[in-house]
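This structure is in structure tokens; I'll ask about it shortly.
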Amino acid sequence: MMGWTQHLLIAPILLPMATGAALLLFDERRHRFKAGVNIASTLLLLILSIALLRIADISPGPGSLTHSYAVGGWPAPFGIVLVLDRLSALMLLLTSVLAAASMTYSLARWHRAGPHFHTLFQLLLMGINGAFLTGDLFNLFVFFEVMLAASYGLLLHGSGPVRVRAGLHYIAINLVSSLFFLIGVSLIYGVIGTLNMADLAMRLVEAEPGNRALFEAGAAILGVAFLIKAGMWPLCFWLPPAYTAAAAPVAAMFALLSKVGVYVVLRLSLLLFGSDAGALTGFGSQFLLFGGMATIVFGAIGVLATQSMGRLASYNLLVSSGTLLAAIGMGDAAVISGALFYLVSSTLTVSALFLLIELVERAQEPGANLLTVTMEAYGDEVDAEGDEEQEVGLIMPGALAIVGVCFGCIALLLAGFPPLSGFIAKFALLAAMFNPDGLGGEAGIGGPTWVFAALVILSGLAALISLLRTGIRTFWAPVEAVMPRVLVVEAAPIIVLIVACVVLTVQGAPLLRYTDAAAQSLHMPANYIDRVLPPSASGNETGEIER
Amino acid sequence: MTHIESLPAWAALLTALFVLIGASLTLLGAIGTLRFHRFFERVHAPTLGTSWGTGAIVISSMIFFTVLQSRPVFHEILIGAFITVTTPVTLMLLARAALYRDRAEGREDVPPHPAALRRKASSGGED
Amino acid sequence: MELILAIAIGVLTGSGVWLILRPRTFQVIIGLSLLSYAVNLFIFSTGGLHVGQAPVLGPDGSGTLAEHADPVPQALVLTAIVIGFATTALFLVVLLASRGLTGSDHVDGREPR
Amino acid sequence: MNRVLPYPLLAASLLIMWMLLNAFTLGHFVLGAAISMIATHAMTSLQPSKPRLRRWQLLPRLAAIVMLDILRSNLAVATIVLQGRRRERVSGFVAIPLELRDRTALALLACIVTSTPGTAWVEYDTDTEILLIHVLDLIDEDGWIELIKNRYESLLLEIFE
Amino acid sequence: MIADSPLFWIIALPFTASLLAICLPARARDAVTWLGGIATLSCLVLTARLYPSVAGGETIRHEVEWIPELGLDFTLRMDGFAWMFALLVSGIGFLVVIYSRYYISPEDSVRRFYFFFLAFTGSMLGVVTSGNLILLVVFWELTSIFSFLLIGYWYQNVAARDGARMALTITAIGGLALLAGVLIIGHIVGSYDLDDVLASGTRIRSHQLYVPALVLILLGALTKSAQFPFHFWLPNAMAAPTPVSAFLHSATMVKAGVFLMARLWPVLSGTPEWFVIVGLAGMASLVLGAYLAMFQQDLKGLLAYSTISHLGLSTLLLSLGSPLAAVAAIFHMINHATFKASLFMAAGIIDHETGTRDLRRLSGLFRYMPITGTLATVASAAMAGVPLLNGFLSKEMFFAETVERHADHWLDIVTPYAAVLGSALSVTYSVRLIHSIFLGAPPESFPRRPHEPPFWMGFPVLFLVLACLVVGTIPGLTIGTYLHVAVESVLGADTPQYSLAVWHGFTLPLAMSTVALVGGTLLYLAIGDYLEASERPLLLGRINGQRIFEQVMVAISWRGARSLEAILGTRRLQPQLQLLMLAAVAAGAIPLAVDGLTLGKYEVKGPELAFAGLWIVGAACAVTAARQAKYHRLASLVLLGGTGLVTCMTFMWLSAPDLAVTQLVVEIVTTVLLLLGLRWLPKRSQAIVEPVGAAARLRRLRDLGLAIAAGAGMTVIAYAVMTRIPPETIAEYFLERSYLEGGGRNVVNVILVDFRGFDTFGEITVLGIVALTVFALLRRFRPAPDSIERPEQQHIQRVFDEAYPERKPDATAHDYLFVSSVIMQWMFPVIIVLAAYLFLRGHDAPGGGFAAGITMAAGFILQYMAAGTVWVEDRLRILPVKWIGGGLLVAVGTGAGAFLAGAPFLSSHFQYLDLPFIGEVPLATATLFDLGVFLLVVGATVLMLIALAHQSIRRLRASRIEEQA
Amino acid sequence: MSATILIWSLTLAHLMLVLAMACNVYRVIRGPRAQDRVLCLDAMYVNAMLLVLTFGMRTGSTHYFEAALVIAIIGFVSSVALAKFLMRGEVIE
């Protein structure tokens, strides 16, 4: 028998799913009601993920912290298990924070820009949370698809030629990458005979060498699929147009999507190719390192080359992806700890930027003050009645100044400048690179590390130069700045995200301790395997959260 | 193929016969689609397969499974019935569409629309 | 048997890949469909080939891999078919919308210069 | 009866279909009855033209005739295919004025004509009530008209109107 | 506690005040000013009160843990040197506040000014008191940021924007370099703590990473201090309000660089590398700065170049590596701060009073503002190194040091000459400054009539000038002890003997001073008029740092980046897909090539002729579909159907009846779907001309190669997988328990709804989402103009119908379906029964909720095709969205039902129910779950197809509205 | 003996049906006209259905029946759609 609290682990998947489904039963025009339900559900999810974070972090030390939940009561490796550890708990919390911010933001206008926004939004959360929680390779595919499908819908939310054109590319590329995913998963199943990640890791050690090449091919093809999602150069050209085209709250969520790819790469590369993996140890890590660095270069070039703020944000996202991938490629626990900190900080930042862009653009041209939504819905007989109601919420006083300050903070965060968390993140990364054994250690610094460190620093510089250019052009150059109509619900999420970064700065130590523990336990796959696979795989009594 | 060996000889032979009849008719129909030169001729060919081609194989299947499972197995008859009912729908619609397309292209080897014929006839009567 | 299926998968893949590299959206959607056939067959094939050994248990309700085909890849293919169907529909509608809004059925939404 | 079971024949057929598909047991009778009721009700909401079956007992006879005709035509067409070009063969359209009005009956006729190899239903004009069929081996145009009208249409008229 | 430490408050006060300032109401101008004054004064007082402990040689530390894991702590540390600087910063800061009270005009935002100014003050105080190098970098970058904001205070001016951007860019580059250098130091020392670092000089200097660390740190210091070759940002920063310049560009910001060099002097100096790099930069800055200062026509520009020159002097001193030189450097830093701050403020007064800073327009001002004139003259004299003023003392020490031998290097030999030259030029521009502004005939008109400023505006100048005088005359009594404290804290045991006397006798340095003074004055007499008229500096005039910088920035960060982006990236889909394919092929091929592929021998029976035949058909369909997809879409679609059919047959053949059924129903519905879409695509006959020629052929060839490679790769992998001896898989478990524990004989279905029901759960969600997306997208659908018209066929048929009015309108369409629609309608209940059959049988035989759902949807579609949208929707009220929502809820509800039994989500339960008359009936919760699947699939499929179909009637409706209008 | 005959005749039937599909696919590929393609695709469906039935006999399993039934009942839906598209240029009006 399981207590209600033990079902918490699956709640981040079920809650958004049930909310999304239930919202379908109500009339599309009941925007306010749906918004209310959605925001309540999102906040509940936030509380849930905080609770899960506490569960994952309840005991000190890196080991024995993995909790598993056997869906359907079928034991791993046969059934599907959900696995909660520090890493997944962190990602869940990040998701729900971003979700709460984006959701709030969308209440100003975007949620009425097309049908079923709330359902799509919740189902996106379901997909993301599922991808973070699942411990099964094929189930991961399914949740990837849920996430992608919702992202297709949300990207196209609001319609219009730009979105549709970008959506076409986005969908085509993701469809192809899904096919790669399938090929990889099935090849691995065909060779190893299991889908459970922990079981896979365990069986890999015993796999006969003849099968290894095929397994590697499968893993590599799978890797291509994840790297497309993560945005590694040269598989990332779809990202800037798509993310730029998306509506602001959607783009803010998308900032997380590429991190899902990164998350999976991190999870699998350490689980399957960790130090215990024998001949497979470090498979692909060089590729990740150099690919990541190439991505940083490309991202930084893009950051410099772009005029549009949307593309600027997207390219910054690529830089952060590249940084994370290269950090994973380094494979060092300390570096990964720093990378996780960086992941949190950079995701919050880019999301905030995506939200901010719309407000900034509103300040640039008077026309943008009109409801973008109305303009797009013009002439649509179906939606016409929905736009009669005025936008809800208070109008922000001093909007231009606030927008400017937010932009400044985001610029600092992206460039990795003190005092905000962007600096802490980059410093944590660099410090770990320079001192792999901790400060005062004896280990030297390798050639690629120098390059990587230089790229981390220089990409920040590129961001600074570009943001400076953009910021000056936007906030200083115009003779007559338009006072943008900014609602409190639009500004508040941005401010909250920035404040979160400030908190990360001041309270950097606890988070770093957390990421450190997470990175340490990632480097001990045996722990994960032991916790996920029951002692005797034939036993029936499973499905409990195990401490 | 142990199940086949458990079949009595008469059933096996009957099944074989019907299967071959059905398959041959179907094949002949298919060959017909190759041999006939106009669409309206080709349209007849597949009906070999959908009528007794299907019928024979359905019968053989019924015999086979009835004997094999030592109980009456008739559900295959539904297949025959529904094929008989649904194939004409396709063929009718397709033939009419082809007729329209030929008429629209002004081909001489298809008859004009009955309404046009009637008007022609009535105008001819006036002359 | 194995070789035939392997070649078949290869031909489907080749045709699909060729098509998705073409400039017209309709070519791409046909290519994606062909590719999903290929991938479905591939997933299916990873369980090994079996003739007349459907993973449907007999009256006694027991079975082993010796007398039944591996059901797991089949279940995976079923999921893949469903998702493939969904995404084909989506891609179709997006390509129609793109054609409608941009006036072009080129994958880039504009004719190449 | 009409409100509970608007199409009794349909419901019965569906029930038989269900039991054929599953088993002739009491359990499936109950289940099949429920399902066929649901299906019939769904059909009712479409409000199709309801055929008036006057003498449905003639149906088996019609079926027998048709099956035999089809068998004959099968052989005939098979021969044609096998002969290839060795024999001069004329195919062509035949226009047949029909008296049959009932759509269901027309549909049945269409099934018969089309299922018979060698004849194909091509066009039916509701205004002139002329049916255009295509005949693969058109030796005698009037013979075909006769065949359709006497052999099938008359029987169908008897059954339906 | 944090609050106990005065050190903490020295940093915290300005920041707190800064935040307070921005929060005060805009009207409260005086309050804000008072706030600034109190904050800086408090810092000053707090600092001053620390003197006793500092003077005792104590190092005050205040530590707060920040991120100890990374060696980053909030460590504040004050020794004599830091104290001296903190005093300077807060003192001059306070004076600048007083000055600004009169300077900032009512139109400008005082709040914003003090927000930035106080934050900058805090950052600068942070830089000087940081006890952790990373913390120092933090404050260092903060000074860059706030100086950027201060320089750009009047952002309406292009010059302010450009100057601010350049200043930030250069100093930020330096700051990042500094960070890297500090990281290396941390790597070498094992700590970022300043005390630890200062104690590890030998270790650092002997480490192999010393040179990179040195270069990076110097990059930071030299950019910050505007040293050659990074000097050019400073003159451009003169667009800042004058109080800002007085503060940042004399006493604080630019001082940070030399401060850092002095701070780390014990650790880094004394090596040839240090000597060369720092020495070259210092010497070049000294001479070049002074030279360029002569030619400036902008008063502040002159002061800016002078600053570069004087900081170069300090830098050069630091480069020498001797303790005495270091003392001189520190002394000169302080002296420069006093006279330069006063000069800047004087310049501000002049600008404020006359409305111009152009030396060519300014003249004879002494008459109008004698006090200011006097003060400026004294300050200039200090700058020129006139005896009895503080500048003279440090310059004297400088000369004394330059003549010493420090290294065996040409640079060392050149130093004294460069020192004299620089000093002479410095005299020249100082003389020019005074002469040009205050002497001579007053001009005909000033923009405003000048007069003396209010007392309190002049007061800071007066105070600083007095300081110059007092220090210059009685150095030992005034600055001496404090300087000694500062020096000692830097040099520790190495602190040399030195004397701050005004008169050392007739020494070589005195001679050099004299030469410089006389030479500089003579030079001014010789070329003064030329300077006054010159447009740009002689020789170096064409080398405009700003322009070069801008050009480099544009080239690298803009044009270069754009072209690189275009080369390294693409926005077109085709190359992206090519790359994807290439990556996947490589990912598959490389491991196989490296590790070697072994083909197994496992094989199911030999090749079957019929199966081969089947795939000849399938392959022919696929290849032809690929060939026809461009010009014959319908043919391609039909061929795709053929391929799909062969795929179904393969599934059937190879023991996967479930797949065969599902693939079949999907195939059918997909064909209808694509056909629905085909209507909105352009006619290919009016095709766009595709590119031809060699390039296009090559492209096609490349694609063909890629396609063949992908196909071959898949063939190889698939064959290898199929022929291996199968591994021990999890499948055995499913086969064993499917019936016993899952209650179903169809293992595939039990996997789908039970063992791995969670996958299905996600999968139906995907379908639901896609349907909603399709629906949403189609609600906004705009057909292309050429597709709005009815299809050609309908047009022709309509014309025909209209030609025969005796027939019903639209008779062709009506007659077309007149007979066949009957059958199509009668098939509706049959399809419902089939769906029910597939659904209920699913658990034990091929079928299941998905296949049943699609079948049901096909039934609906058939009705739509038979009778049209309007007809069907008049009769059937299908609410597909509700079906979707309901299906999802049923699925999630079934799964969550297990919670009540205390079991995990989706735990199934089944039992045989013994019903009267009917017998045993298996009842499984999995069936309920499958019902959810069924409902959703029906809803989703119908929604997608119907939404597409509705486009046609939308068009009709639209055209009807148009006709009415 | 009879079993052998049955096996051989079933194998032969397979071959014939596949050959029939091949003949049909020739028309699907070559046309010449769209109606030829549609017609032959529909015929291919029927051939496939018969293949399923004979295959069921060969394996002695009833698991293939559903596939055949599906083709028989809704296999014509796509052909109807194709035909209607040819006639009206639109599948659902």
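The first chain written gets the first letter, and so on, giving A, B, C, D, E and F; residue counts start at 1 in each chain.
Note that in this section a contact is a pair of C-beta atoms (placed from the backbone, for glycine too) under 8 Å apart; a residue touches a chain by one contact, two chains touch by 3 or more.
Just so you know, these numbers come straight off a predicted model, no measurement behind them.
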| item | value |
| --- | --- |
| Neighbouring chains shared between subunit A and subunit F, ordered by label | C, E |
| Partner chains shared by subunit B and subunit E (touch criterion as defined above) | D, F |
| Centroid-based (C-alpha) most distant chain relative to subunit E | D |
| Chain pair with more C-beta contacts, C-E versus A-C | C-E |
| Inter-chain centre distance, subunit B versus subunit C - centres from mean C-alpha coordinates, in Å | 31 |
| Whole-Å gap separating subunit B and subunit F, where each centre is the average of the chain's CA atoms | 11 |
| Centroid distance [mean C-alpha coordinates] between subunit F and subunit D, Å | 22 |
| Inter-centroid spacing, subunit E versus subunit A (mean Cα positions, whole Å) | 17 |
| Touching two or more other chains - residue numbers and ranges from subunit F | 17, 19, 21-22, 34, 38, 58-60, 62-63, 69, 73, 75, 80, 82, 84, 86-87 |
| For subunit B, residues that touch 2 or more chains besides their own | 24, 29, 31, 43, 45, 50, 53, 75, 78, 82, 85-89, 91-93, 96, 100, 113, 115 |
| Residues of subunit D engaged with two or more neighbouring chains | 17, 21, 110-111, 121, 123, 125, 127 |
| Overall pattern in which the protein chains touch one another (line/ring/star/complete/other) | other |
| Which chain pairs touch, all of them | A-C, A-E, B-D, B-E, B-F, C-E, C-F, D-E, E-F |
| Contact set on subunit A toward subunit C in their complex | 138, 142, 145, 149, 152, 156, 159-161, 164-165, 167-169, 171-172, 175-176, 178-179, 182-183, 185-187, 189-191, 195 |
| Residues of subunit E touching subunit B in the complex | 793, 796-797, 800, 804, 806-807, 812, 816-817, 819-820, 823-824, 826-827, 830 |
| In the complex, subunit B residues that touch subunit F | 1, 3-5, 7-10, 12-13, 15-17, 19-20, 22-24, 26-27, 29-31, 33-34, 39, 42-43, 45-46, 49-50, 53-54, 57-58, 60-61, 64-65, 68, 75-76, 78-80, 82-83, 86-87, 89-91, 93-94, 96-98, 100-101 |
| Parts of subunit F lying in touch with subunit B, wherever the complex brings them together | 1-3, 5-10, 12-13, 16-17, 19-24, 26-27, 33-36, 38-40, 42-43, 46-47, 49-50, 53-54, 56-60, 62, 65, 68-69, 72-73, 75-76, 79-80, 82-84, 86-87 |
| In the complex, subunit E residues that touch subunit F | 609-610, 613-614, 616-617, 620-621, 624, 634-635, 637-639, 641-642, 645-646, 648-649, 652-653, 657, 660-661, 664-665, 667-669, 671-672, 675-676, 678-679, 790-794, 797, 813, 816, 820, 824, 827, 830-831, 834, 838, 841, 845-847, 851, 855, 858-859, 861-862, 864-865, 868-869, 945, 948-949, 952-953 |
